[in-house]
Amino acid sequence: MTAVEDRRPTGGPLSLADIRAAAHSILPAGIWDFIEGGSGTESTLAANKAAFTDVALVPRVLTGVATADTGARLVGTDAAVPLAIAPMAYQSLLHEKGELAAARAARTAGAPFIVSTLSSHRLEDVAATGADTWFQLYCLRDRAKNHELIGRAEDSGCRALVITVDVPLMARRPRDARNGFALPTRVRAANLDAAPGGEAHRRVPGASALAVHTSAAFAPGLSWRDLAELRDRTSLPLVVKGVLDPRDARAAVDIGAAAVVVSSHGGRQLDGAQPSMRALPAVVEAVSGDCEVLLDSGVRSGGDVLKALALGARGVLIGRPVLWGLAADGERGVGTVLALLRAELAEAMVLAGCADASAAATLRTERWESHA
Amino acid sequence: MTAVEDRRPTGGPLSLADIRAAAHSILPAGIWDFIEGGSGTESTLAANKAAFTDVALVPRVLTGVATADTGARLVGTDAAVPLAIAPMAYQSLLHEKGELAAARAARTAGAPFIVSTLSSHRLEDVAATGADTWFQLYCLRDRAKNHELIGRAEDSGCRALVITVDVPLMARRPRDARNGFALPTRVRAANLDAAPGGEAHRRVPGASALAVHTSAAFAPGLSWRDLAELRDRTSLPLVVKGVLDPRDARAAVDIGAAAVVVSSHGGRQLDGAQPSMRALPAVVEAVSGDCEVLLDSGVRSGGDVLKALALGARGVLIGRPVLWGLAADGERGVGTVLALLRAELAEAMVLAGCADASAAATLRTERWESHA
Amino acid sequence: MTAVEDRRPTGGPLSLADIRAAAHSILPAGIWDFIEGGSGTESTLAANKAAFTDVALVPRVLTGVATADTGARLVGTDAAVPLAIAPMAYQSLLHEKGELAAARAARTAGAPFIVSTLSSHRLEDVAATGADTWFQLYCLRDRAKNHELIGRAEDSGCRALVITVDVPLMARRPRDARNGFALPTRVRAANLDAAPGGEAHRRVPGASALAVHTSAAFAPGLSWRDLAELRDRTSLPLVVKGVLDPRDARAAVDIGAAAVVVSSHGGRQLDGAQPSMRALPAVVEAVSGDCEVLLDSGVRSGGDVLKALALGARGVLIGRPVLWGLAADGERGVGTVLALLRAELAEAMVLAGCADASAAATLRTERWESHA
Amino acid sequence: MTAVEDRRPTGGPLSLADIRAAAHSILPAGIWDFIEGGSGTESTLAANKAAFTDVALVPRVLTGVATADTGARLVGTDAAVPLAIAPMAYQSLLHEKGELAAARAARTAGAPFIVSTLSSHRLEDVAATGADTWFQLYCLRDRAKNHELIGRAEDSGCRALVITVDVPLMARRPRDARNGFALPTRVRAANLDAAPGGEAHRRVPGASALAVHTSAAFAPGLSWRDLAELRDRTSLPLVVKGVLDPRDARAAVDIGAAAVVVSSHGGRQLDGAQPSMRALPAVVEAVSGDCEVLLDSGVRSGGDVLKALALGARGVLIGRPVLWGLAADGERGVGTVLALLRAELAEAMVLAGCADASAAATLRTERWESHA
């Protein structure tokens, strides 16, 4: 139980927007663009946020709720909050401790940390922070490497395997291309034993070095059969990340997924894709309780989390805000982000009369069309 | 009957916006932010106003109506207008006479005045102005104090007991936190015999002293059972303020409420909550005439009042505009606000062909989606 | 038949917006505000225009139409265009020839001219221009005067009696009140033998002298019975102007009206009223061909006229644009306005494949919600 | 099969917007206005673009798709991309090689090139570039000339006859009228053997010389019978360009059309017409597979193409972007435009899990109302 009485940090940032502003003032423009940018005209990026504004909550009153239990069971992990840290590449871009700092903050906050295939620290080191760690796999061309990564994830105590399915290729992101973005030498894909001078580090004018690297490294043409093959390689619960069509969500259930993540990849993959909050209700209906439904893309406050729960999500993944916190103040910055989200969520739940997530799922909502 | 011929003040403010501008030019920024601000990103604050713009009225013609009777019976009180002054804390922040000035203006206008638990003048003194006074109770941790307050309200002739049910905690309001807002020494919760040096006066950097005080003083976890217990303590008609979900409106009927107030608390509690004007029709349908339905949050003109009546409200509560009037010119300023609202309402009713509130309830409306 | 080949004026204004700009540059601010302004927050004023933008036409092709017959039979008058000049008061404010100039332009254009009760030239003089003249009656307190006016209209050859039913009082128009607008001495209600020093000329700070005059002169509380009484006084066809609710449109049919004008009075009466283009379809359905349906409020191009025809209007009334033309260049200016509208309409009809108004009525439309 | 690996041009423009900016910086204002402008208030011009933003795609995942086949069979022509170059007049305005340069780029890209009746190079010369050439006919008053043009089209190997049916007259385009736009002497309607000093070259203040010429040259009053007569003159497949109403699409099927082009003529004909993307679904449903459905007006990216395919189009026509490319860099500029579109489309298809156009047709979409 979260005591709502002590939910206010004194001084410091009042919202994630404050932390975003701090990060913006610190980061080099190229890195800022890399984390903030989206694909194409960034229409899905904008729509992801508008989709939250367009949902209103109908709170309940006199429910006897004085404090809210923000706890959630996410893919078999008991979490203090219905949120996990989204898998994000190369976190050392933001702070030298990168994933280690973020994972430590996640551990403190009681939130699972999803370590990326493209982590800038080795997954073993991340898991060793003591955070509840899930491993995210970008399926590589080198299939043996996939199996090795899964094995390492299991060996280091990861508690779920998250397969990202919405990156059959890395979408063109104009900001990175314009910046000729490449990784600085100090940052590398540690899990892949990437050498400092590899493709991701080689500046190409008018293109993103990361896109070049991704294209070379990731397996193209992933299918449900590939997913089944990976599933058979592990005893970890499977999370299918990047689903918008309810038919795909149903297919994920059929293949035995423990969860799907409704996601438009933070507006970084198909530009023009449906915002995840608009896709959520149909996915929830399609899976009909047969697996968990998580959501990412556009969550910027505890109120946003509550809206996702009200529309049927079990929890959400937090992406860019974690990077803002990391840039602003390392582990402490991420801690502030997570504490703010938890405090805001607890407050919103109490204000909506919800003792816990199951109550949140019964809230009514209204959606309107201010979109764009 | 209001003669429409004499409805125009000569000179002076032409709309509430003029009075708002006057208040803005006078008030210290911290007090301005306190009365104008909302919670979170202020999305519900904005939506409350947009929700009025999005409703269009379909006026009737040739109804024989030359003048409109703006009178209303509100919770057993005969009022000259279908509006009451919303319960608002610490009105001495705006003008030294505070609630006394506002109540006198309300008396003159024939509108009920709802005195707040957090009134900066004692409820007895407010009631002694001769205004039709209702008492608003924030249920306190000190239950004996609640009973004492109810007793005092009855003894001083209050005509209704308004229980606010949408403040299980006081939502974070970023403007106040940023300003480190605290009450000046001269303003205090007179009904609670608050000492000048109490929590509400102690400036906390990055937080609102009022939130700290609220958290210490108000009873958490209020339930329908608590409400029933309060109901049994009084013979006054009960008004349940802060309902958006029709199921809660129905529960209020079941507990014997004389009225519910459909409210999103002026955008100051759950940010992301449904605007009250969007919630109104479903609540009206749910209570089906079994209790009165009032509305607040966003009323800024007599035309707005007519829109609320057309959607089924018995009347509305007026909040911030009263504070603007108080700041601009004390009792006279509030008088101008109420006179303008009445004149605008009378004019709108005649223009819509409505002789009285019951005719207003038969107007058709259209709603569209320009929202936000 | 209008030859589309010669539809382009060479040089000169290309759209009504050009003529509006010319008028704006010429007129004193107080007069500009008087003609351009609306009531309240001017929300209906804005919505009237947006309601046209929100309707899209679905044109037909290969219909064999090379030229369009813009002719219309409006309330028994054969017109070269499906438009009439809306009744507007005091046109000498814009140009000394006022209604005489506008009526002459209307005659040339083959459009009926509706002379206002508050015309600044006597209706006999207006009718003597040779324009198809309709007389608009604001029902006066002095009932004998009404009968006299109707008799004069008949005697001078007016072809229809237009009763305005949406002015049970003149709505507060903040621009006029702020300007303390009053008529200059040279402009007066000629039909009413108003003396130069009357109420409409007496400047009142913070109020519109016209509103004061209207309030004194117009009969309050008009009813359907009054309308029947007026109907019985004349053999002229009756036009009921200012209807939005389909129930009132039906009542107009029942009383024998030849036409109703769906109107929100140019955004000058009930602020918050439904835009007329939004009200049109339900009115058309309600009258079901039993009387003509005209529309005003917001028509700014020939394409707007076609949209109104496609939604079932027989024709439209043109208001402010006529005043712009009058201000810009007297009779010639109004002539340009009407010629532009006719040319634009003819062009739009040909582009939509419509040989005539009956074809226009079969066009499909789509409406969306960009409103406001 | 398009290899997605090599889809990124290094350096150079990243999107069509970059090429548009380059063209804007190069072209004289009068020519820029001629290609960019629309009719009337340019409301349909704006709506055409917004209609794409308002459609969201629901991508599929794990479909095994690594590369997308962008190939399409368009009106019997095998194309490497589901797009053709829209018929556009006087391309030598943009670059001296005009249609020849554009057609060569189209040939390289494997896209059909539709040569306009008003081409500034003779259709035989355009066809001789080796591009898959379709001939677009504006039906002329001189019927013999029509037959001659059709014969020339057949003789020079054109593979389809495109009849434009939405120009019963050329709509007024205010920018051109204001500019007094006329063709420079060097640019002329080569197919019509237009003399350099003809009407299209004669500057008329306040009017477009092209409109004058069009009015003189084009046959007015085209009907379905005329279309049938043209059909009987040729063995080429017939494409009916400029259809929005599903009833007209059905009529096109009945007359034996191989395809209809759903088009609002780039916002250059009926202002206020339905945006083509809004018209598309009803047309697709009406023709029910009995002919191909193409679309133009507003396509600005490969993602836009995919949205059109998802709503049932067989392919799209590309207009203004080709002119931008031509102005920016002649054949090479057009090549860049087409390569970008193909690369973006291939990327979007892979991201949406679509191996080919038939898969694209099964994508779900969502439409919302941010329009305008």
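Labels for the chains are A, B, C and D, by order of writing; each one numbers its residues from 1.
Just so we're on the same page, a residue touches a chain if its C-beta (ideal position, glycine included) is under 8 Å from a C-beta of that chain, and two chains touch if they have at least 3 such contacts.
Bear in mind that the values here come from a model prediction, so they are computed numbers and not experimental data.
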| item | value |
| --- | --- |
| Any chain that touches subunit D and subunit A | none |
| Reference subunit A; chain at largest CA-centroid distance | C |
| Whole-Å gap separating subunit C and subunit D, where each centre is the average of the chain's CA atoms | 41 |
| Subunit A-subunit C separation of Cα centroids, rounded to whole Å | 59 |
| Multi-partner residues of subunit D (each touching 2 or more other chains) | 369-370 |
| Complex contact set, residues of subunit C against subunit B | 40-41, 43-44, 47, 165-166, 168-169, 171-172, 174, 177-178, 204-207, 211, 215, 220-227, 240, 242-245, 247-248, 251, 269-275, 278-279, 369-372 |
| Complex interface listing, subunit C residues touching subunit D | 4-5, 8-12, 14-15, 17, 53-67, 301, 303-304, 306-307, 344, 347-348, 350-353, 364, 366, 368-370 |
